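Below is one structure, written out as structure tokens, with a few remarks after it.
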Amino acid sequence: MIIVMKDHASAEQIAGVVTQVEAQGFRVHLSQGEERTIIGVIGDERPVEVGLFEVLDGVERTVPILKPYKLASREMHPADTLVPLDGLKVGGPRLALIAGPCSVESRSQILETAQAVKEAGATALRGGAYKPRTSPYAFQGLGEAGLELLVEARNLTGLPIVTEAMSEDQVDIVARYADVIQIGARNMQNYPLLNKVGKSGRTVLLKRGMMSTIEELLMAAEYILAQGNTRVMLCERGIRTFEKATRNTTDINAIPVLKRQTHLPVILDPSHGTGKVDYVAAVAKAGVAAGADGLMIEVHSHPEKALSDGGQSLKPEAFAKLVKDIRRIAEAVDREV
Amino acid sequence: MIIVMKDHASAEQIAGVVTQVEAQGFRVHLSQGEERTIIGVIGDERPVEVGLFEVLDGVERTVPILKPYKLASREMHPADTLVPLDGLKVGGPRLALIAGPCSVESRSQILETAQAVKEAGATALRGGAYKPRTSPYAFQGLGEAGLELLVEARNLTGLPIVTEAMSEDQVDIVARYADVIQIGARNMQNYPLLNKVGKSGRTVLLKRGMMSTIEELLMAAEYILAQGNTRVMLCERGIRTFEKATRNTTDINAIPVLKRQTHLPVILDPSHGTGKVDYVAAVAKAGVAAGADGLMIEVHSHPEKALSDGGQSLKPEAFAKLVKDIRRIAEAVDREV
Amino acid sequence: MIIVMKDHASAEQIAGVVTQVEAQGFRVHLSQGEERTIIGVIGDERPVEVGLFEVLDGVERTVPILKPYKLASREMHPADTLVPLDGLKVGGPRLALIAGPCSVESRSQILETAQAVKEAGATALRGGAYKPRTSPYAFQGLGEAGLELLVEARNLTGLPIVTEAMSEDQVDIVARYADVIQIGARNMQNYPLLNKVGKSGRTVLLKRGMMSTIEELLMAAEYILAQGNTRVMLCERGIRTFEKATRNTTDINAIPVLKRQTHLPVILDPSHGTGKVDYVAAVAKAGVAAGADGLMIEVHSHPEKALSDGGQSLKPEAFAKLVKDIRRIAEAVDREV
Amino acid sequence: MIIVMKDHASAEQIAGVVTQVEAQGFRVHLSQGEERTIIGVIGDERPVEVGLFEVLDGVERTVPILKPYKLASREMHPADTLVPLDGLKVGGPRLALIAGPCSVESRSQILETAQAVKEAGATALRGGAYKPRTSPYAFQGLGEAGLELLVEARNLTGLPIVTEAMSEDQVDIVARYADVIQIGARNMQNYPLLNKVGKSGRTVLLKRGMMSTIEELLMAAEYILAQGNTRVMLCERGIRTFEKATRNTTDINAIPVLKRQTHLPVILDPSHGTGKVDYVAAVAKAGVAAGADGLMIEVHSHPEKALSDGGQSLKPEAFAKLVKDIRRIAEAVDREV
């Protein structure tokens, strides 16, 4: 960390800061510029509260130098982490294609959709049993009955299951049924939940919060990794901006940024990233071209009957067509489907 | 809701939408413009999933007409809801002044700060025992020991306690000690938690998510109200924008907007809203002038030793000065401290 | 447009709005819901000021139905507009690759860079002679001397020139030298400038403002088209969001949205979209996969000596490698380089 | 500036950066931490292009230490600048109240409104003759005829005139008629225009761009000041965020931030800041409480007939009421109206 002093900081104020820095067990490196004095703080700054220094007399601001995460960092762990998903190693050359409905709604819906995405080339089935909904009056998911239907779909198709746990209380039951526990965007900073899935040891798909920076996403992953669970896939699913033509703004930049900053695999969700079925295919292709390790796509056998997110769900035929297109892009970047 | 058809929508497509609308139990009102056909959906649209209509052939988009919340709405409940906070009625003429440290850190810290804010004129004490921290390496709060210290501070000063519950599992224990359960910004859309505090019957201070719209804040309140708990105070605490000079951007507009849209009282938190101690007083005064029913302000007896948020915490003397300034503004808008 | 009345709007208020709507020459279509009355305004609403209706007693809000642009709209002009750029038809199967330095800095710099990008496969040369700089103390461009150097580079390489005009006063001189006049992000809503380049008849590359919506970009294009100039290319160059890991957030969604909403060709600028040389290639590939009609990329023969934007400029070798990668992606989406 | 090296930067890379820094005329201060080397750049960094360093091998990022503006900075100029506006000194104890219609529309409209705001207590008259409109089909202002009507209104009421120039070509004519030249939000970074109003010597009201940071606003002011013109008032008018309940988000934090960073007076425009007449008064009061030196408010004698911005314009009676309320707030912060 460096501490930038105000322009007229007195020798006494500088000495006060130095004392405080050393009291925290750091070494100090002082640099007197023409207009500003800068105090370098030498040591592992990660666990330190910057406010300790920012309130001292004469301090203008502090600038962190080290990244606040360690376990998630590629610096500390240069090799790609490969996360097993049934036969597939996510993060390796073959792309993960996670497809299925937003919510599990009925036996016929989930079985029909599961078979369709399997035939089209999906490598995992998604489907929500517990649904975080903005409105208390909206469909909230089938709960455990939904999990049972997912298992039936897995038995039928062989596809591993990705489904969301919304609270620490749901982790055990979801872990009992699912192959991958999804942490939704609204829960990216639900720390009790992150700790619990960390302890569960189960593979986690961690979605970026719609209001979270890439650094915060990596800090959320750090919570899970700090519990000893390294089976973490990150998922970019669009951020909230001023643009209203789409439901969210897919942060395509996040893909190369994450691939550089972390060793964890990165999945793109173009369904939430755009929120409109018309734009899903273009953005899915963009994600693969940018280096994503997989895609998560909403597919519904009958979107016009969907109890949630119908407007962004592909029909099975459209998904099958997209997989073909994705295969061509994948080959153009030396990946495979 | 209205459904806007594409410009070349066929008679067949229009008929298809009408059928689907009627199948959902609504009446239809058709309006043929020169360039567009519009289908009005008559009935209570709140529980309806718009995706049902958006995926139909020929549909361009849907526009909701009714607000998605009911119980939180001033239309349904024109009179101000007054939330009791010890002797005070929050939402009435007298302002709530909730002050105290970000985290409870030690016995001396909380007792000293509690006495100082009491003397300065605070009407409630804030202090976190369970802390949501971006980093797993940062201080996470004292837990139940912190709650016990808060009770000791209440016994000493008579100030009611406001403290956060981060998950449904913490609601019971927090409710046992605290007068008001705070739902933090990161948990504004943690629906299991909202349901649980709704059922608890305890007074709730619901903070706006840093990238949540005002409508989403009211939908979160709706979850609590739907459980029969009407003791809800809303709290504007700054939103995330592109501006970097401050930690968040205080959405001062939100105060008159909320006062118009809902009957619930509105508190402003200028400490998180600005994130810098230098700007807290100006924004606190602005909040009162704009019509806020109270303020929530971080005060720490020794900010330079704070384990969290020191950089935005006022010293007790500065808080005492601010209360005097606030009193003058309050009088200028026919309120009191 | 539809006008949504407040929930307790009186018959008199409704009549007042109807009178005002009809006074503006529109027909009215009234729809009485259970909780709200809606007044449909039938006719071409584009030139109408919505404030006229929003201030009337009893009105809650207005909702536009028609898109505010006409000439830029694909509805009015379904076929793709192909914009000639030397031999190339931008918007057709072959991609435009516009490359070169941020600023023209010296004869050797621009000639060297121009030759390098030509050899690598570029189809046009970019380079700024007039530079909009945040700081008055920064290099402001060589002005007309820079334009002359660009012409020399064109003579040497045969590449058409794309360069910016920052004000209406610069349009004539830029038009004298350049093949394409660039309107920069900061000037997207500089209406006198838009009118002037519209009248110039010269091909225009219109960059999206960093906090402008897609609709506003199309309205800016509409200004140019309204002057009879249809040679307009749109350029997505990243928007401003809360994310700080990159200089801007490339709005990849904007590519399929624009391709659907308008007939004009769409170029992606991944250099400004990311602001970091490390991420340019990934996002360039994403843009082509998403359907962009071309790319605009900063290349500098010696980025470490650049007077502007060195941090986002590719070296010629990196650009040559990127063109090869782009060719593969292009083929995977049935385009060519 | 400090330059942060990558974690495994070699001695050779560090030496390379040092050479480049010294070649630019700076002194170097090296600091070897455990995980990172930091290179301090000693000297006036303001005119330096950071890209020069960011592209060097082994560099992770650069961090500016000095503020990029000088003339606008309170550090360089601690005393408040008072800008004369007719008899008033803006920035002194008495608040500037600039009121009037968005656009000048007709003789009766502007004279009637001018008299009404004068009677209510306004100290200057606003009104646009040249209007930047998103749509080419919207009313674009009366041009010079509008300026003549403003002069007639000034003759009638004695109020000085504030009106916008949209391009450098309009500066001379606007300067001929107006007391204060307004630079609109869309033109905050129109550098030829800033230079021209700088040279004009006329008082300038510089509005913050809706997408601009506070630092960029100060850099825009720096352009004007660098031309020797110190009669600059800054105007916060709301920024663009994800919130949709209001047209813009008033950045109330910007008021104390600007008052601390700069010596120039700060005006708040709550009409654009909210975009809805219902919220203008609350936010106007907030601005005064936060320390604004004045307000700019849209008032129209007949908002329901306004050709622009009717929805955010107060009627004269509402403005008169607001001035009374403002007076009370002003007194509560030791200011006057």
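General observations
Which chain is which? They are A, B, C and D, in the order written, and residues in each are numbered from 1.
We adopt the following convention: a residue touches a chain if its C-beta (ideal position, glycine included) is under 8 Å from a C-beta of that chain, and two chains touch if they have at least 3 such contacts.
As the structure is a prediction and not an experimental result, all values here were calculated from the model.
Common neighbours of chain A and chain C under the contact rule above are B, D. When the interfaces B-C and C-D are ranked by C-beta pairs in contact, the top one is C-D.
Chain A maps onto chain B through a rotation of 180 degrees [Cα fit, steps of 5, range 0 to 180]. Of all the chains, the one whose CA centre sits at the greatest distance from that of chain D is A.
Interface equivalence for A-C, evaluated over A-D, A-B or B-D, points to B-D, where over half of the contact pairs coincide by residue number.
Between chain C and chain D, the centres computed from C-alpha atoms are 26 Å apart. Between the Cα centres of chain B and chain C there is a gap of 38 Å.
Shared interface positions of chain C, defined as residues touching 2 or more other chains, are 211, 240-242, 244. Touching chain D in their complex are the following residues of chain B: 211, 213-215, 239, 241-246, 249-257, 259-261, 273-274, 278-279, 281-283, 285-291, 325, 328-329, 331-333. Residues 2, 4, 7, 29, 31, 33-36, 38, 40, 42-44, 63, 65-66, 75, 240-242, 244 of chain D touch chain A in their complex.
On the side of chain C, the complex with chain D involves touching residues 20, 46-47, 49-52, 54-56, 68-69, 132-140, 166-170, 186-187, 189-193, 209-212, 216, 219, 222-223, 226, 240, 277, 303-313.
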